[in-house]
Amino acid sequence: MPAHPTPLRFGRLLLTGAAGGLGQALRPRLKAYCDTLRLSDVADLGTAAAGEELQRAALEDAAAVHALLAGVDAVVHLGGVSTEQPWQPILQANIVGAYNLYEAARRHGVRRIVFASSNHVTGFYRQDEVISPKDPVRPDGLYGLSKAFGENLAQLYFDRHGIETVSVRIGSSFPAPKNRRMLATWMSFDDLERLVMASLTAPVVGHTVVYGMGDNTTTWWDNTSARHLGWRPQDSSEPFRPAVEAAEAVLDRNDPAVLYQGGPFVRTGPFD
Amino acid sequence: MPAHPTPLRFGRLLLTGAAGGLGQALRPRLKAYCDTLRLSDVADLGTAAAGEELQRAALEDAAAVHALLAGVDAVVHLGGVSTEQPWQPILQANIVGAYNLYEAARRHGVRRIVFASSNHVTGFYRQDEVISPKDPVRPDGLYGLSKAFGENLAQLYFDRHGIETVSVRIGSSFPAPKNRRMLATWMSFDDLERLVMASLTAPVVGHTVVYGMGDNTTTWWDNTSARHLGWRPQDSSEPFRPAVEAAEAVLDRNDPAVLYQGGPFVRTGPFD
Amino acid sequence: MPAHPTPLRFGRLLLTGAAGGLGQALRPRLKAYCDTLRLSDVADLGTAAAGEELQRAALEDAAAVHALLAGVDAVVHLGGVSTEQPWQPILQANIVGAYNLYEAARRHGVRRIVFASSNHVTGFYRQDEVISPKDPVRPDGLYGLSKAFGENLAQLYFDRHGIETVSVRIGSSFPAPKNRRMLATWMSFDDLERLVMASLTAPVVGHTVVYGMGDNTTTWWDNTSARHLGWRPQDSSEPFRPAVEAAEAVLDRNDPAVLYQGGPFVRTGPFD
Amino acid sequence: MPAHPTPLRFGRLLLTGAAGGLGQALRPRLKAYCDTLRLSDVADLGTAAAGEELQRAALEDAAAVHALLAGVDAVVHLGGVSTEQPWQPILQANIVGAYNLYEAARRHGVRRIVFASSNHVTGFYRQDEVISPKDPVRPDGLYGLSKAFGENLAQLYFDRHGIETVSVRIGSSFPAPKNRRMLATWMSFDDLERLVMASLTAPVVGHTVVYGMGDNTTTWWDNTSARHLGWRPQDSSEPFRPAVEAAEAVLDRNDPAVLYQGGPFVRTGPFD
Amino acid sequence: MPAHPTPLRFGRLLLTGAAGGLGQALRPRLKAYCDTLRLSDVADLGTAAAGEELQRAALEDAAAVHALLAGVDAVVHLGGVSTEQPWQPILQANIVGAYNLYEAARRHGVRRIVFASSNHVTGFYRQDEVISPKDPVRPDGLYGLSKAFGENLAQLYFDRHGIETVSVRIGSSFPAPKNRRMLATWMSFDDLERLVMASLTAPVVGHTVVYGMGDNTTTWWDNTSARHLGWRPQDSSEPFRPAVEAAEAVLDRNDPAVLYQGGPFVRTGPFD
Amino acid sequence: MPAHPTPLRFGRLLLTGAAGGLGQALRPRLKAYCDTLRLSDVADLGTAAAGEELQRAALEDAAAVHALLAGVDAVVHLGGVSTEQPWQPILQANIVGAYNLYEAARRHGVRRIVFASSNHVTGFYRQDEVISPKDPVRPDGLYGLSKAFGENLAQLYFDRHGIETVSVRIGSSFPAPKNRRMLATWMSFDDLERLVMASLTAPVVGHTVVYGMGDNTTTWWDNTSARHLGWRPQDSSEPFRPAVEAAEAVLDRNDPAVLYQGGPFVRTGPFD
């Protein structure tokens, strides 16, 4: 077998989806861990800072994605649709796009990918269930379905081609939790950064699935099986609880958005 | 389905068993979360403070219990026998009484109950076993048996009637741990209050079983499956360890009260 | 510890509920395994055949039950309410009655009991779930709740007093399956007899829970954990399938009686 | 909720992929269970027999698929690519095609689908592992990946829209096992027919995953969780063992096609 | 990696412990599957039949064991102490001897071993527990302890050196079951032969642990995890039940030999 | 049964392997918990401090070990080989030696032993797996194999003779972690001392297996099943991470010493 080195610092790191919410948060943070940070998105990325490379690409454009992966040591793949949308954009960006990315990684010899999966992969579990990354998936919409596809693709590329992935089922990563559901799902940008870097630098990850959440008191997810990553969240949603509860004092358990972990995703979407 | 709202603050909260040890501890604490705190017991409850209603009732008295539930938003059910006793009082207060309470809750449309169950539901596990709320019950006496009945009743009223319950298998809630067994089972009144309120206000609980214990270093119980409640104990028995150990320096493992989690309950009781 | 002998044949065997459907089926069958078969019920038992003793008793009558257990080597306890009924008869016959029986067994030194529990202890699992006797109970009514009480009582009397019990969660034991639900739940009288005798004579049973069902092609229950009993059902519901399906050609999954394992029990009963 | 009736016999049944190997096997067999059997494929279907409707359609053609589902009571979905192939045909037929099928089912009110999934969904487990339908997927190629997508889609349409699916992870269904791997994976056409019909007519299936295999002595898959379907395979690969072993007397465990359950799929495919 | 071929028929097969009870039973049977059957024991092996080689060796004699393995394709290792004995003979034959055998196998490139382990590796489980090969070991004496050592050695030589082993935890293999315990543990010589040959010829076994028992109605062991071996027992202890039960009509559960799966082993042995 | 008292402080405590690395660390620490600390090793132990007894003994010398145990209340057994070595020293010190120790403990009525097992008992699990003490062992060499033997011996002496043991699968106990693997495996001497004392004084331990590791952020082991010991590690490897990572910036996942939990042990040793 060829060598499969995992460094702590990277020559060139690729961040896809760099113009999105999490992409903007990670852009300045990831720069510290690499010589060159290649940034990509379908949207405008502004101007390149020192050490940055901007390379616009639609994920469904195989040639563009192959060009994107050239010379890259590792990938943080945030790109694609990140909300519930109609089938076509999800198919193109999240299914065709994920395939393009892994094929390009394989051809260019990239060995490690952090894949932004989503808690919506298991959004149809109830809010009174505590689940683990080993439980069967229950996507809550087309978006969650496409993320489950991405995780399975990552498993295949590990079993078949030895490319390692950490699939991070991101909860809700914002400056602060916005509602009571996020008391369970919230993860700070600092915890996100630590999780991404642990995923990139842990010596062995195979294909690991982990929920991206803070050190929250309310928890639906048990990450025990991913403790080898060397990551523990440090920020908690608890300080935000009084304000969040005050703004949403009464919830109705019969509302599917309250009953299921996926929240409003379980009842929104392209289904008419 | 009718709406099933869960508020953070209650119009009228019912506390049964309000004259007992835990009842006295919770009485002033629960007042902060409701407009009116209805208190009940078979024993004398003193005089009503502002915002309190006193309503004496024996739990085996169906009519009295039905009156008790009228106009109530949620219940903290500490009432009934809380020690190992002969069959008749346990039958009346804990079995007939629990049935009366749930039937009254159903008729009056009460949607959420915190049920004071007990670690004695699983008292015949050994002290070198770590168990979870999903493991089969092993009651250590008639008291534990009656609490297992109450939990199953709660499950039935959830599956059949949608009434949600958190069954709290209380360890030992006292101002301080009194002996070495309580190093594992102890829970402070502050942690009890936080657990009761989390159980009343968590958006979705279905029927959740949780062990009521502190953040103790010695632990027999794994509450992972109940982390959705949004409760983490904050007080530990550890600071009390030196004093407790000094007073009970030698234990004999062949004593059933040492060997089993139920402690002395496993060998006391009405069996002659 | 005193000797705890388990014979293959019994001096005196007690059959409670002997006037009921299963009691009538077992009455002539059990006679072959004992010198004396004591029969009891609240209903009329006819006249005693050779080797039979008739002893009428209400299970809630402690004194009568104690008299019933005198001189008995082992018990097949079918007695009590076996359908969904109001609380009072279930409380008296199945809860108070079960307690009386076990207390009497303890005082008279009886060492082995076969307890007729019911599949309604877990009737609120869905018909597309396969469960085991170790899964948490989900009773579908007061009847199932009382049977769960009986099982927990049996566990207590084993852990505390060494009395062994096999709790048989009987499905549907009739001459033939009557409807499509019984394709899963049906057990022939021959299989019932074999299960009862295996339960009485297996050298070690502790407290074993087993589902009483035939060798049916449709199955909701996995009895792997009870294979030490030395029982395998031999009769199948499959030959009855064509007739049963013809008579009930269309089922509606949205009917709770179709959706849940408990069948019609999940929507009948004393709740108005 | 609207009624959700499951009949034993169907007005109009749709069989997709009817021109393929399994489609040809099932075509005459399914006719017995419906008034009209609608057959579809991209390939030629010959002429319609009595009670047959032929409707050619490419699965990636949404309009054609919607037309296909009109007036249909239930679907046996064998259509799509069934071998390891390049990404484009798999994407079109198995991913876009599966989406089109479920969307059409939803719009036309179809309530039950049998989905021909594949053992290649878990082909990267070793041949010395016995797995169950609840274990995490490990697809062995793009084909297995696309079938995992189909299963997750089925789960979503059940959780969200109440459409029930049995996903049958077909092993190897041929007149006879062709090689030693098929001693584990073989399923006769008779067993396939019985499994399809059990899946169509079982009263409640939700989304059930089951491995389609015979009553083989060599087994990698434990179907315990699907025993509610009312299906037991009756044919075994064992009588074919002598001939099969004689033709393939020596296997090399270091060959991935021998080591992994997926057999040759784990090393063939579009990856160059 | 070097090729790792598994044939169906062997050039030279080694049978150790060939003079013991099971050795004598297998000696004529194994001859059919190899050109040369090398037989070894510390005891006299009589004269060599056609195709047999006799090679006397004490397992603790490393040089003799290395000579034994020369030119061998696979091993059926029955050799060593097979009853509870003092430490020295068990240490020499079963611990040192097993190490010698595996080291010799490694040096001579032998790729597959069937190791006669024992149910006494788990003899301290109770007779009312059904266990699997994945459960923690609980040896019932020095003999069982030495067999657990052999299994762990086999695991090591697989993980480290790729030598595959099937560890068969033999129950009781005799012409007929001799007592009631053997109703659970008995395995016929025919089933033993089939199990040994399945273990030698299954394409992939890694290190598989399987209980060697018949198709008995009374069962303590669940072999689901070993079904990939392609072995199902065909003979049952059940026809022997009447005679066996008649000869041992009453058992005392308080006797450790009745209570535990290991039977008399749990109370015999060198401990004074 | 004889009394089985567990004190908090000991008359005479035996520490074997007292001249080794951990022995030297524990020697001054254990003195505080006993009147007399008996120290033993094959190597020189220097001169006895106040309250110390020095008793040189080779563990394979049964008579010497029996003398060692005389008058001892409890044992901390660090003695034996603690690195990968050839078979003979491991056989003598770790297998024969462990047997001698337990036999001597049995004869002298010693009731509690802390056994220094090793993470190398499970060294062939991958570094991306999180395992528990209940998972099957996978030793990474002869050393790990001998420690698995010791654990099974401890289980036997508990089940058969009631001697309690805590088997501590020590990770890496040094003043500081020396390399990146030790970020997961490191345990401070303070945490080791606390773990040893918790193991000696917990009221009931039976045979408990626990991993000896710090409160590290990177973790491969889940000690939930041992929380009854009353031990939580307090020191973390995390402060050492920057220095350790700087010194070992790139790891190659294809190196078995990186891939498996056992680290370099999986490829060193006496196998040529």
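As written, the chains take the letters A, B, C, D, E and F, and residue 1 is the first residue of each chain.
By our rule, contacts are C-beta pairs under 8 Å (C-beta built on N, C-alpha and C of every residue); 3 or more make two chains touch, one makes a residue touch a chain.
Keep in mind that this is a model prediction, so the values were computed, not measured.
Engineer: List every chain that touches both subunit A and subunit F.
Structural biologist: For subunit A paired with subunit F, the chains in contact with each are B, in label order.
Engineer: Could you put a whole-Å number on the gap between the CA centroids of subunit A and subunit E?
Structural biologist: 50
Engineer: What whole-number Å value describes the gap between the mean CA coordinates of subunit A and subunit B?
Structural biologist: Here subunit A and subunit B have centroids separated by 40 Å.
Engineer: Using the touch definition from the top, which residues of subunit F touch two or more other chains?
Structural biologist: none
Engineer: Which chains touch which?
Structural biologist: Touching chain pairs, listed by label, come out as A-B, A-D, A-F, B-C, B-F, C-D, C-E, D-E, E-F.
Engineer: Taking the touch rule as given, give the residues of subunit F at its contact with subunit E in the complex, in rising order.
Structural biologist: Residues 87, 91, 95-96, 99, 103, 106, 124, 134, 136-142, 144-145, 148-149, 152-153, 155-156, 159-161, 266, 271.
Engineer: Show which residues of subunit A lie in contact with subunit B when the two form their complex.
Structural biologist: 126-130, 180, 183-184, 217-220, 222, 245, 249-254, 258-259
Engineer: Which of the residues in subunit A end up touching subunit F in this complex?
Structural biologist: Counting only subunit A, the residues touching subunit F are 1-9, 164, 202-206, 208, 224-232.
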